[in-house]
Amino acid sequence: MYKLNFNFLNKYGGMLLEGMWTTLALVVCCLAIGFVLGTVMALFKQSKVKPLRWFAAVWVDVLRNTPFLVQIFFFYYGLPVLGINTSAPNCEIIRAGLMAVKKDYYECAAALGYTRFQTLWYFVLPISLRVAFKSLVNNFVNLVLTSSVCFSITVVETMGAAKIIVGRVSRPFEVYLLILVCYCIFTYIVSFAAKLIDKKIRIEL
Amino acid sequence: MSFYDYAYLTSNDAMQFVKATGVTLYITLMSLFFGTVLGVLLGLVRCSKNRVVRTLPLLVIEPLRNSPLVTQLFLIYYGLPMVSRIMLDPYPAAILALSLNTAAFMGVLVHNSVSAVPDGQWEAGLALGHSRVSTFCHVIARQALRLLVPQAITLYISQLQCSSLVALISIMDLTKLGQNLALRTLRPFLVYGIVFLIYYVISSPLAALARRLEKKLAFHY
Amino acid sequence: MAMIEVKNVTKSFGTLTVLKNFSVDFTQEGVTVLLGPSGTGKSTLLRCINGLETIGEGDILVNGRSVKEKKNLREIRLDCGMVFQRTVLFPHLNVMRNLTMSPMKLLKTPQAEAEEKARFYLDKVGLLSKEKSMHNELSGGEQQRIAIARALMMNPKALLLDEITSALDPEMTSEVLKILENLAAEGVCMLCVTHEMQFARHVASRILFMDKGSLVADAGGEEFFSTIRKENERISKFLHFIGE
C-alpha cells in the first residue's frame, strides 16, 4: 500500500504559499483588466458606430474560440493575456446585463433631464452589474482556474511552485492532490461569498 | 537540407499540421464521447427524488469543476503511477483527464436542463397515468434536450480549447506542434498565428451554430 | 406668453403620419386634457414636447426654446416633468433615493434639503410611510404616485402625464386620480392624456379632442361636455362609445 506522505510541506510549504500569493496577485490584476476591457467591449457592442461593434465582436469571438495556452505562448509574458482572455466572457456577461435594462429606463432618465453619460453612470451600470453579478463571479472563478496554465511560461504561481516542488521531492501525487484541494476550497469560499452578496444586492426588474 | 531551410515552413510541416490537428481532434472527440456518457449518467442521478442519491454525483462533480484541468491532468499522469501500479501513457491519461472534466460539466448541464422543465409538465404527465420514468422519457427528455443541446455544444467547444493543455505532457497535438515549430523557425507569430487560425476555424462556426440553435430551440413557457 | 407653443408640427412614423400640421398653445395654468381615440397622436404630442420623439416639420417652443436644438433639451426636460404609463422607478434604489437622486445630481440640491423636499412630496401623495421601500414592495398605484412625486421634485413648470392610470386596476386608478385632483386644486399645471372621463369632467379646465392627428375641438371643460358634444358628431359618438 502506498503511504501518503505530506512531509514535503515542512521544507517547501513556504514556496507553495508564495506561489499562491503570486496566483492571487496575478488574478486580481487580471480581474481588473478583464473587467474594464469586458465593460468597454460590451459598450462597444451596444454602440451605434459600426466599426466599434465589429471590433468588439471579433475580439470576443477570437478570444473565446482559441485555447488559452496558445494565447499565452503567442503573447509570452502572460499577465496582460490573462486579462484579455477573461475580458471576452466578461463582455458577453456584461452585455446581457446591459440588455436587461429596457428602453423605458433610458426614456425615464432622459425625461428627468439626465445626459446620456449620466444615465449610463447612475442607472444603467448599477442595474446591469447587479443583474450580471452572479455570472461575473462565475467568470472570476474560471479566471482563477485558468491562471494555473500560466506556469507553462515560467510564471511561478501556484502550479509553477508545485512543479518545482515535484521536481525536487518526487511526490507528485500528494503535491497535486493538495493543490487540487486548495483550489477547490478557494472556489467554494468565493462561490459562497458570492451567493450571500448576490442575495443582498438582488433586484427585481 | 541546409541549416537555413529549417527556418522556413515546408510542405512537410503542412502535413505535420494536419497530423497534429488530427491528434487534437482525436483526443477531444474521444474525451467528449466518454465525458458525455458519464456526464449524462451523473446528471440523471442528480435528478433523482432521493436526497442521498442526489448528492452522490456531487462528490465526483464538485472537485472536477472547481479545480484547474492542468492539476487534474498532472495528478493523473504524474501522480497516479506513484500510488498504484497504473502507469498511463500520455494519450490515455489525457483522454481520461479530459473525459472526467467534461463529465463533471456535462452532469451539471444535464441536471440544469431537466430542472428547467417546469413542474407543470411532470404533473401533466403523471396525471395522464404515466410512471415517472415514462413521463421522463416521453415528456421531459425531449424538452430538456432542446435546452441542453446548445449548451452542450458550447461546452464541447470549450473542451476543445482545453485539449491544448495536453501539450504540457508532451503529446504532439496542435499546440505542441506550434511550440516546436516556433522554436525551430523562430517565427512565433507566424506559427502560432496558424495554430490560432486552425482552432478558430474549427470552433467559431460551432459557436455560431450553438447561438442559432439556442434561439431556435428555446421554449417560451 | 404661452409656455408651450406647438407650431405646425407634422410627425410621421415611417409611412404613418401621426400628427398633421398640428398647432396649439399651452399656458402655465390649469389642467389640460387630451382626449381622443387610440392612435391619434396624443401620447406622441406629449413625447414630442419633451424631446423624446423628434419632429419632422414644424417646431415646438418650450418657454421660448426650440425642441429641435439638442442643447435645449435639458432645460426643456427640467421645465416639463413627465410621468409614463408604465412606472419606471429605478429598481436598485429605495423610494427616498429614487426621489432625491435627480435633484441632488442634476440640480445640485444638498442632501438634507432634498430629503426634506422628498418627505414633503411623499406626504402629498400619501406615502410617507414607504420611504425605505423598494419598488417591488409597492403596488402599481403606489408606484405611480411615487413617480408623480419624483417628477414634482424637479420643480417642473408643467407636468406631462401620459395615460398614467391605463395600466392600473380601478381601485389603484382612483388613488392616483385623487392625488392628481389635489395637485390640480393647488394649482399645478398639468397636461394629461387620459381616458378617465370623470376626471376630465371634474378637473380639466381645458379639453382638446384629437382625431387622426388633427385637433378637432378645443374648449373649456364644461363647454366641451355640453355644447361641443352636441355640435360635433364625431365627438358625440366617441363619448357615447366610452360610456359617457
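Chains: A, B and C, in written order; residue numbering restarts at 1 for each.
Everything that follows uses one rule, which is that a contact is a pair of C-beta atoms (placed from the backbone, for glycine too) under 8 Å apart; a residue touches a chain by one contact, two chains touch by 3 or more.
Just so we're clear, the structure is a prediction, and the values are computed from it rather than from any experiment.
Shared contact partners of chain A and chain C are absent. A simple rule picks the central chain: find each chain's mean C-alpha point, then take the one closest to the mean of all protein C-alpha atoms, which gives A. Chain centres here are C-alpha means, and the one lying farthest from chain C is B. Spacing of chain A relative to chain C, judged by their CA centroids, is 46 angstrom. Separating the centre of chain B from that of chain C, both taken as means of CA atoms, is a distance of 57 Å.
Chain A and chain B have Cα centroids separated by 20 Å.
Per the touch definition, chain A reaches chain B in the complex via residues 2, 61-62, 64-70, 73-74, 76, 141, 145-146, 148-149, 151-152, 159, 162, 166, 171-177, 179-181, 183-184, 187-188. Chain B meets chain A in the complex at residues 62-63, 66-72, 74-75, 78-80, 82-84, 157, 160-165, 167-168, 175, 178-179, 182, 188-189, 192-193, 195-196, 199-200, 203-204, 207.
Those residues of chain C that touch chain A in the complex are listed here as 50-52, 74, 77-78, 81-82, 84, 86, 88, 90-92, 101-102, 105-106, 134-136, 150-151, 154.
Every residue of chain A that touches chain C in the complex is listed here, in rising order: 104-105, 107-108, 110-115, 118, 122-123, 126-127, 130, 203-205.
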